[in-house]
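See below for the structure under consideration.
So that you can tell them apart, the chains are marked A, B, C, D, E, F, G and H in the order they are listed, and the count of residues begins at 1 in each.
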Amino acid sequence: MSADGSDVRLDLARRGRTSIPEVIFGERKTPEAIERIARALYADSGFALATRVAAEVGPELARALPDARYFERARVLQCGSLPRTGRRVAIACAGTSDVPVAEEAARTLEAFGHETIERFDVGVAGIHRTFAVLDDLNAAGAIIVVAGMEGALPSVVAGLVRPPVIAVPTSVGYGAAFGGIAALLTMLNSCAPGIAVVNIDAGFSAACVAHKIVSLGEGPPGTGTRGD
Amino acid sequence: MSADGSDVRLDLARRGRTSIPEVIFGERKTPEAIERIARALYADSGFALATRVAAEVGPELARALPDARYFERARVLQCGSLPRTGRRVAIACAGTSDVPVAEEAARTLEAFGHETIERFDVGVAGIHRTFAVLDDLNAAGAIIVVAGMEGALPSVVAGLVRPPVIAVPTSVGYGAAFGGIAALLTMLNSCAPGIAVVNIDAGFSAACVAHKIVSLGEGPPGTGTRGD
Amino acid sequence: MSADGSDVRLDLARRGRTSIPEVIFGERKTPEAIERIARALYADSGFALATRVAAEVGPELARALPDARYFERARVLQCGSLPRTGRRVAIACAGTSDVPVAEEAARTLEAFGHETIERFDVGVAGIHRTFAVLDDLNAAGAIIVVAGMEGALPSVVAGLVRPPVIAVPTSVGYGAAFGGIAALLTMLNSCAPGIAVVNIDAGFSAACVAHKIVSLGEGPPGTGTRGD
Amino acid sequence: MSADGSDVRLDLARRGRTSIPEVIFGERKTPEAIERIARALYADSGFALATRVAAEVGPELARALPDARYFERARVLQCGSLPRTGRRVAIACAGTSDVPVAEEAARTLEAFGHETIERFDVGVAGIHRTFAVLDDLNAAGAIIVVAGMEGALPSVVAGLVRPPVIAVPTSVGYGAAFGGIAALLTMLNSCAPGIAVVNIDAGFSAACVAHKIVSLGEGPPGTGTRGD
Amino acid sequence: MSADGSDVRLDLARRGRTSIPEVIFGERKTPEAIERIARALYADSGFALATRVAAEVGPELARALPDARYFERARVLQCGSLPRTGRRVAIACAGTSDVPVAEEAARTLEAFGHETIERFDVGVAGIHRTFAVLDDLNAAGAIIVVAGMEGALPSVVAGLVRPPVIAVPTSVGYGAAFGGIAALLTMLNSCAPGIAVVNIDAGFSAACVAHKIVSLGEGPPGTGTRGD
Amino acid sequence: MSADGSDVRLDLARRGRTSIPEVIFGERKTPEAIERIARALYADSGFALATRVAAEVGPELARALPDARYFERARVLQCGSLPRTGRRVAIACAGTSDVPVAEEAARTLEAFGHETIERFDVGVAGIHRTFAVLDDLNAAGAIIVVAGMEGALPSVVAGLVRPPVIAVPTSVGYGAAFGGIAALLTMLNSCAPGIAVVNIDAGFSAACVAHKIVSLGEGPPGTGTRGD
Amino acid sequence: MSADGSDVRLDLARRGRTSIPEVIFGERKTPEAIERIARALYADSGFALATRVAAEVGPELARALPDARYFERARVLQCGSLPRTGRRVAIACAGTSDVPVAEEAARTLEAFGHETIERFDVGVAGIHRTFAVLDDLNAAGAIIVVAGMEGALPSVVAGLVRPPVIAVPTSVGYGAAFGGIAALLTMLNSCAPGIAVVNIDAGFSAACVAHKIVSLGEGPPGTGTRGD
Amino acid sequence: MSADGSDVRLDLARRGRTSIPEVIFGERKTPEAIERIARALYADSGFALATRVAAEVGPELARALPDARYFERARVLQCGSLPRTGRRVAIACAGTSDVPVAEEAARTLEAFGHETIERFDVGVAGIHRTFAVLDDLNAAGAIIVVAGMEGALPSVVAGLVRPPVIAVPTSVGYGAAFGGIAALLTMLNSCAPGIAVVNIDAGFSAACVAHKIVSLGEGPPGTGTRGD
């Protein structure tokens, strides 16, 4: 399938191979293509997930598809769900404009079976807000930190917590923010060690990294067991 | 300490707070400054590590400092060591020119107490070499993949393994490689989910992320326990 | 002709001189200008081709022009055709969003008289899909590989096939994909030798290079004969 | 004067006009040119200052010139001095590698007659160090914050103090630090209001801005009096 | 609050801590969110300010909110006001297209209680216009200079006045102006000392810096007193 | 082998698989590593080639290795040779500073068994020089065009010849040439169709593409036969 | 005047001082502002010119203003005219999409009293078209060459003519044309001496440079007389 | 000739065709190559010029070549001279570090037979210096303005003079000057009309443009006569 779903080659073995199921990237796809692929995935495994599904088409798709739900702020469409894991991932974001990206990460992780701890609007301009949520972040197996503009929040957080920090720059900002480049560079150059970075606005990518981290030991024998 | 070590404010509580001890960044520092800080850290905890220590000064520093060893290809200087953890991290690199960065990661992880699985020169131009090491990579708790030029190796690996992949772009290449920008962009835009990226040539940063991942559950009660 | 076709100086000798006929670049041109130039070219040689013709105007132009056909996904408008050559060009693309660029290349090559082998959605995230089409690609005289995001597919393909590989980066992606720059840099820096690159989204340019390659020996005596 | 000082047109009225005296930029100038211009400025006003004077020539110039002193880390050469003002400027820097830039600012301000409060190595990776110096910074009329790598320190400081913050990005860092671009963008995009930015490594420029700020009310009647 | 205002954590102590109250950044926020936050801020302190409020929603918000006024060219919405300070800030801009940015600065400063001196369309192409306003600029406690295109005005002004100059590049221009990058670089590299720079189109940021400068001595005892 | 050749995994089957043998990239490698790998390749197939071999070590390596020759301007080291093919590739370059890149391509092609037609210093500033060599270029199976500065030569050539044009931008130039970026962009955006581009200064890459083109029909049955 | 024309300070002496009258830049201005300024300029000197006037408002403005005419392709609005000079400027452009920029230059020059020689669609892909117009170009006092995409035309022209060449890059192109950056860099790095460059799409700027060149000797005694 | 002069194709008809003789670009050429080409040019026309000739080899070349002179600051080597023209070109530069570029322009113009008016160190930080030289600049047929850092001088000059202004950005500056990019962008975006720009540090290019301008009317009948 292509725009109309006719050239797609589904990779149904991906979850077994990499722990992450094939997920539909909704941008540039027609609603028909999204629906067709979602049905195929759901038929195979009882689960389908689509990101970047526009608010114009999401609710209708949710009505048309089996066992489906649409999250508007996250732009995520979910059919069915994966088993609960009992693992926790924390998600913090700097400003209110970063929330959609944070929610894309959160909804993806919950669809993958994990519990999320969401703490929003905790940017460094009022750093007491950051400190107020540190214990919550430290209680997770991985921390996703989402920030636009200058993107300083991951540096501050990583200097204060034990779990790995996955930093997500957002395109929030103007002028010399350059659509997220400023935040991206900040995160790549952080003076606080232990930060890994994903693409601009890539809430889904951050969720996949966090999912892999907290799933260690969940795979087939001999794989992904932290090495012990 | 500054270039001469006189303005440094040591952060001795960092390891307790974040799981990563303060480590000396040797670039732009005089041998005297490196020695002074290393002695102070070693006196506090029986352990000191310095990266980016030039081959011109490393061997002499290793002779002068207590319980010290210098790794020339990695440019790492180590005094004492941290307790063995029994955790495993795999490190793959695409070409032979990427080895120094891969070794910086490997020596750092070993100094932090972990076991490393090193598989070098497995780039995608001869992709059978990549396939030949997949089982080794899958046996680790985290996989560091180091690549310069076009940096395609992490994409291929991440499509085939369960552990999280930490991608390290290197400055290897010429012309439109732009000192590592090409590889960095490749890794940030990977079509294979579950890749986290660190700065160009940042073997140490990758090691810190991997250390945090495989150390989950090792911290004080209630922190960094994957959430279960 | 200009936007209205009034300042154009047709280069009717181009096909004899370079093997590639003058082709209309439809972007920024009015339908009237496209129609007028197409009629002039068709009158001269019984063949006219226009690329980047928007879906809003393509079908109507196809109805108005002689012996014409419009391909919507490729945005290609064709009047008449060139003689069959019996030569084959393979076209692979990484993801479904890259299909329009791949189709621009395919429709152009077919208009130029060649046979195409199209294999879509074979990106490296599920590399078995790439391997499944290798024999098909190897059976062609040139291989066009189209990829957006990190653009790693040409590197993998070029390490496994004998024909020359023409890599086309696409603007598919977001954030640090920078409208195709990431894929472009990847392709220029490939560790696999034997890759030539064209502009971002330039399916037509790739087709022209492939056309020249498979047409070797077809020109006037003493030119373009591979030198033997 | 030019490289040899022969084409210089001294602007001796600059201090009266703008409050900042003409200062020699030592880079790309021969020692002879620096000495000649310094003598001319000193003869006119009993004061001369040169920045970016290399350690190879600074000490000898200091011996040759009247009433002169050379500061090696700051690369500043001073002849004579301006009257004490009793005003205070605080200067903080993130890491020890940023100290030379911070010292260029400090020595310039002291030469201009101000008192400086220097607090170095207080970067956000160990944010308790930042908090420990806040009262000192708040006691000044302006705060210069110097930081390389990701340059997050000014954002944190500006969210916690009342005086204006002048942020100086430095070229400290590697890879995606791009010689200071990452820090520069961070500072320009700060979410904490009240930050003004100068060029990369521009300790002298920051000092000039701070000098103008704390000198308000010192100029001729009717100018620069804060407007009250 | 987020787009709908539901995730906001208000920082009501910010004005006491930094002299600048929390201000609403209206871009990407719904009118409902702006109204809700403005009401909360006004309830706390009798003052609320929002910038980047679109002309489509500004007038209606001004009618709905207590003691409110909307400035269309500045895109500023104000509820209540802060006490008059008697301090003066001058604002100059190069061309008429830069006026909206200059007005954002002016309206912010007036809302903060200061008096403004506005001198517009005084760019260097007709430099007599610049000279004509110099005395007015010199009578202020800080000068904001706004310019797009090549952004040369701050260099010329700073060579002729005593107060600190805050330079604001604008996105006015085309082609190689690159949305304000050209003007930004000009201002960062100015040969005239004493210029501090803020983000592209950041009239509000410039106002905050100017506010901090002219407010020196206004804070709690021992802070921000110019050090005397 | 790595810098010392100890981590290399030779890909001896590459020539059979892709038509291009494994070639040593000499940059960043010690002479010992180059010698060791060259001996291993020569022992396997009677042929070894190394590019980017510095003039300081090339002649001595040529003396030490069997059946070896070093080309200083091309920086190419060759041991043994591949069978003559009777195919011809033309190589043109714009200016005399581009010659080393052109020679890297020429020596590589001759080592691969092809005949080369070299026409240098034929840049468009004196376009009669370009016209004078057109017949020579047209007599080849592929044309490599090497140009620095603005890189306009491939556009002019491609508008006048039948064989495919492989464009190589060089880092020759200064200022806004940006180390070859200007020429690279020129070639990617050429208005003359039928140009394929390789990396900056990548004479070897261009040779590999040309080799693949003129070798069509030389591979195992069913592969790379132009499709007829 | 600003968007509504209320903050403008007209520079009526500009033509006497620099030979170029004040001209209205229509972008970002309301029709009301354009009309008000045009009336003021016309009242002063019997002449007014506005560039970048959109087709939506141009015809109506031409009806409303005295002695006015609107050129749609050039987006130029003219009221009155300057005296004929008898001087000639040639304007060439590479492709039909570049015509609007070329026409902006042509209409401006004619409004300034000069004669223009326009030769369009003469790009280097069919270089016989370029050669066909060389005599026409050589007959002018200055040559403006407009080109998008790779922008090679000025290099070819400048190698063949005597008058100065003013090169105008346009934003025509896609992908790696980067909105005109590719053409701009090409022109700045031309191997053919005697080319001067203006901003992207800046037909008006090119016209001003050409006007100054052909007007030499027309100014007040002792100025601009070529020095003889 | 190439590095050793063996691949050069001299373009001896260039002066007749374009008014500018072939000139040797000395960078990347050996002294032997420079000498060989200079002898060939001098033998043909009694004149040879080489730019970018390093101080290490210039004096010796001047001794070896006939009728030769070497200008160290300009790095220009001249053999013989062209006839005096009586035309005048003015050259201004902003700071003393820009002098070498200004001198390259000046020595080239004098070698071409023109008179130069040199006014250095007249940058806008002390704008009275700019005003002091305006009459001198206005007395020339063309004005070359050389500036690094923010490059504002051409904007100020062009607003005040009648002759065309040729702006030369230099690589003088640091940090965000980006090796001349800041000054280049400033000049391309100038708000003062009538400025043409050449490459960074391109004193020779500026001289060629100025030479063409002041030579109008000097060519063969019917060419380059300003059109009157």
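Worth a mention:
Methods note: a residue touches a chain if its C-beta (ideal position, glycine included) is under 8 Å from a C-beta of that chain, and two chains touch if they have at least 3 such contacts.
Everything numeric here is computed off the predicted structure, so don't read it as measured data.
In this entry, E-H is the pair from D-H, B-F or E-H that repeats the interface of F-G, since more than half of their contact pairs coincide by residue number. A comparison of the A-D and B-F interfaces places the larger number of contacting C-beta pairs at A-D.
The distance from the centre of subunit B to the centre of subunit E, each centre being the mean of the chain's C-alpha atoms, comes to 45 Å.
Here the CA centre of subunit D is 25 Å from the CA centre of subunit E. Inter-chain spacing, taken between the CA centroids of subunit C and subunit D, is 57 Å.
Residue positions 14, 125-126, 158-160, 175-177, 181, 184, 188-189, 192-193, 199 of subunit A are each in touch with at least two other chains. For subunit A in complex with subunit D, the touching residues are 94-95, 123-127, 149-152, 155-156, 158-160, 173, 175-178, 181-183, 185-193. Contact residues of subunit E toward subunit D in the complex are 14, 17-20, 23, 85-89, 114-115, 138-142, 158-166, 184, 188-189, 192-199, 204-205, 208-209, 211-216, 219-220, 222-228. Of all residues in subunit G, only 73, 96-97, 99-100, 120-122, 125-126, 129, 172, 174-177 touch subunit C in the complex they form. Across the complex, subunit G is touched by residues 1-3, 5, 7-9, 11, 13-14, 27-29, 33, 169, 171, 179-181, 184, 199-202 of subunit C.
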